[in-house]
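Below: a set of structures, written as structure tokens.
Both complexes below contain subunit A, partnered by subunit B and then by subunit C.
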Partner chain A sequence: MSDLSGAMALLQLGDSFFPSGAASFSWGLETLRAEGHLARAGDVEAFLAGQIRLRWATFDRPVVLASHRAHGDLEVVAAVDREADAATLAREAREGGRRIGAALLRVHAGLGTPGAASYRDRVASGHAPGQLAAVQGLAGFGCGLSESATCALSAYGVGVAIVSAALRVGLLGHLDGQRILSRCRPLAVEVAAGPPAGIESLHAYTPMAEIAMMRHEVGTGRLFAN
Partner chain B sequence: MTGDRMLVAGEVEPAEATRHVQVAFGGAPGTRTFLRRQRVAYPFHLCRALYLPGDPPEFCTVYIQSCSGGIFQGDRLGMSLAAGADACAHVTTAASTIVHSMESDHAEQHVSIRADARAIVEYLPDPLILFPRARLSNVLSIVADPSATVIACDSFLAHDPRGADEPFAALRAETRLETMTGETIALDRFEVSGEEIGARQVGIHGPYTMQASLWVVHAHAPDEVLAALRSVLPDAGSVYAGASLLPGGCGAWMRALSSDSVALRRLVRDAWAAARRVVTGSAPGPRRK
Partner chain C sequence: MNEITPGFPAVAAASAPRSAARVGVGGPVGSGKTALLEQLIPRFTARGTNLAVITNDIATKEDAERVRRTSLLAPERVLAVETGACPHSAIREDPTLNMQSADELDRTFPGLELILIESGGDNLASSFSLDLVDFWMFVIDVAGGDDIPRKRGLGVLSCDLLVINKTDLAPYVRSDLDRMLREANEVRGGRPVLTTNCHTGEGVDAVMEHIAREVLFDR
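For the complex of A and B:
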């Protein structure tokens, strides 16, 4: 893939116009906002930075990379996928990851991305959960994206989901959102500099966001799916 | 992870010789659970089996005490608790466990629980107290028959006895639930430093300094367990807590953050009591600590 073609593919797949369904998830932000733990733009930036450092870097990124490095071997992707699913313990995070993964698979299957339709069948038959990060790795490889570009898509997706959720609950304006995304970019680059954790040592530590998602299951704020 | 590398779960398979505590409970429907086998080595001491008022008559309570004063640099501690079919056991500690300061190396503790058909195992140790520069890998492995129940907790807080608020170096914790055939159903693995907790970052620990989790593996009625856990969660106050269903419908779990050790301990106790009510039909009797 040429530089221009690769850049255009990345723009297409990372665009909010791409129908991935990710905008309906807040990853705990809605509840934290409702309960007064997030009150201003600076809080959103701190929240996003924490998610990037202590979840995306040590959990999502290794899953994306392992799935990409499966080079289309769906058995390997499914093993990575199952580990990620078992290690996502808040129900709305687990189900949210599955729902976005399924939406992404549906789009890629429709676009003819190699591996997407077959993997979608596996998910439909219950042989794989279809977690978002595993699907991102599979689809990134299928689209011919590099490991680095696929990771960029994944990190950017986390940023956009959180910033757009913050926008919708009135925590910040559009310009604040773009500033936060810009400032989180070097952080993602920094935490992605080292070798990823192996699948056997995936780990994450975002207990407050996790608890918020658990509380969201029975909370009154239901603008988002988690 | 700062300092030397800690072993990942698959590598922490304590050899027979390093399993300082090996306890097997035996039982049968309607009869008292008994200690079928025990092998206990320094630094641990196993108290005799107790049958406490308020518990179902089958329930056997055992306290595990440490003679060494806590966990020290270089410790490699292993504990194996096995409950045969229909056995009902409650295992706890007599007090909190201090994880002492470490200048190099780290410490490891691996607790494995096996619950056979219809067995009930409760493993509810008091909190880990992490001293400055403490570095611990704490692994809890649970293997349960689909008809068995396991209730387990883990909790930690940081403490600097000199009052200087020097943070612990690292805590790596893993709780893994597996089927009898070795399939992972649920896995919680995290690594955190005292410095990270002290940063008070929203979404991570926020203003809270302590954390506790309670796992209730009870595939027979996961929704009832979840409702029971939720019934004791505070809406506001010094504890921030939530509960959710575990993957595969195998049970439910609770996680809580707080800066009030008394309130956090009370919540764990209440959540355990609520889960016990679902499992046996009655709340547990009081335990002396």
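For the complex of A and C:
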């Protein structure tokens, strides 16, 4: 894939216009906003930085990389996928990852991305959970993206999910949203430079977000699915 | 739930065998979409149609609860999709979660014939993805203003069936129903327009019969 073609593929797959259902998920932000823990743009920036450093770097990224490095071997992808699923404590986080993963698989299967239709069938028959990060690695490899491009896509997805949810609940305006994404980019680059954690040592430490998602399960007046 | 669940509940990642026709119900907030569902559900049930409903909530699960409370449907036949404050996107640009929910209903209820998918409340420019639905209705009402049809909104123009609701209120809100109907027919080039009063159920039989004819093929 040429540089330009690769860049255009990345733009297409990373665009919020690319359908995956991601707009329905806030990953705890909705509850944190409702309960007063996030009140302004600076809080959102700190929240996103925490998500990148303490979850994406040590959890999502290793899963994306391991799935990409499976080179289309679906048994390996499924093993990584199962680890990611088992290590996700909050139900809404686990189910959210499955739902977006399934939606993404369905779209990639429809587009003919190699490996997507077969893996979609595994997920649909209950033989793999279909967690988002594992699907991102599989689809990134299938689309011919490099490891780093696939990781960039994953990190950017975390940023857009948080910032766009924050914008929609009224925590910030459109310029603040773009400023936060810009300011958090070097952090994602920094943590992506290190060696990834092994799949056997996946870990995250984002207790406020996880507790918020647990509380969200029984909340009323929900805009988001988590 | 599927029989094959060796550890993970199957998410509807694949298209389930499509047994049920999918019908979208869109329209502005307060035009009577949920009221129309409340009137349609008992009629389809009496007709023997195997039915389920998906609601797209803006802020709460209230619409789904309302349908559950007032209809003859079992609670598990009513699913609510949270749209993250993007009700337009969830039925058009990114309908993936609605498709996932519809597939889940197809898989859970073999023999399902009809899924009614209610949007979360739209403006006049909304429309349904044709990947999501086989047929869609747009519900407007006389109290929203009798100029709505001539504004030529995308929803009014492109839906398969336009429903003008709350006909009983026309004299009280200074709306000219005859003019509304005439202009609706003009801008739609003669494509179907029906009127209802979902408070009493007047006109709803015709809506049901239209859906039955167009998408159930009188199954």
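One rule holds in what follows: the second predicted complex is superposed on the first by the 225 of 226 C-alpha atoms of A that agree within 3 Å, B and C clash if a C-alpha of one lies under 4 Å from a C-alpha of the other, contacts with A are read in each partner's own complex, and residues count from 1 in each chain.
We take it that contacts are C-beta pairs under 8 Å (C-beta built on N, C-alpha and C of every residue); 3 or more make two chains touch, one makes a residue touch a chain.
Here the structure is a predicted model, which means the values were calculated and not measured.
Q: Consider subunit A as the common anchor and indicate whether subunit B and subunit C clash or fit when overlaid.
A: Aligned on subunit A, subunit B and subunit C fit with no clash.
Q: For A:Leu11, decide between first (touching subunit B), second (touching subunit C), both and neither.
A: Neither partner.
Q: Between subunit B (first) and subunit C (second), which does A:Gln51 come into contact with in this model arrangement: first, second, both, or neither?
A: In the superposition, A:Gln51 touches subunit B alone.
Q: Quick one: is A:Asp85 in contact with subunit B, with subunit C, with both, or with neither? Answer first, second, both or neither.
A: A:Asp85 sits against subunit B and subunit C alike.
Q: Under the stated touch criterion, which partner chain does A:Ala128 make contact with: subunit B (first), subunit C (second), both, or neither?
A: second
Q: Of the two partner chains, subunit B (first) and subunit C (second), which one does A:Ala23 touch, if any: first, second, both, or neither?
A: second
Q: On the chain A superposition, what angle, as a multiple of 10 degrees, is formed at subunit A by the C-alpha centres of subunit B and subunit C?
A: The angle comes out at 110 degrees.
Q: In the overlaid three-chain picture, find the nearest pair of C-alpha atoms across subunit B and subunit C and give that distance in Å.
A: 6
Q: What residues on subunit A does subunit C touch that subunit B touches too?
A: Looking at subunit A, the two contact sets intersect at 82, 85.
Q: List the residues on subunit A that touch subunit C in their complex, please.
A: 17, 19-26, 82, 85, 98-99, 101-103, 105-107, 109, 120-121, 123-130, 165, 168-169, 220-225
Q: Would you mind writing out the residues of subunit B in touch with subunit A in their complex?
A: Answer in residue numbers: 8-10, 172, 184-192, 196, 201-206, 208, 211, 230, 240-247, 253, 255-257.
Q: Going by the contact rule at the top, pick out the subunit A residues touching subunit B in the complex.
A: The touching residues are 28, 32, 37-38, 43, 46-47, 49-51, 54, 58, 82-83, 85-92, 94, 198, 200-215, 217-218.
Q: Using the touch definition up top, name the residues of subunit C that touch subunit A in the complex.
A: 2, 4-15, 57-61, 81-86, 89-90, 93-97, 99-100
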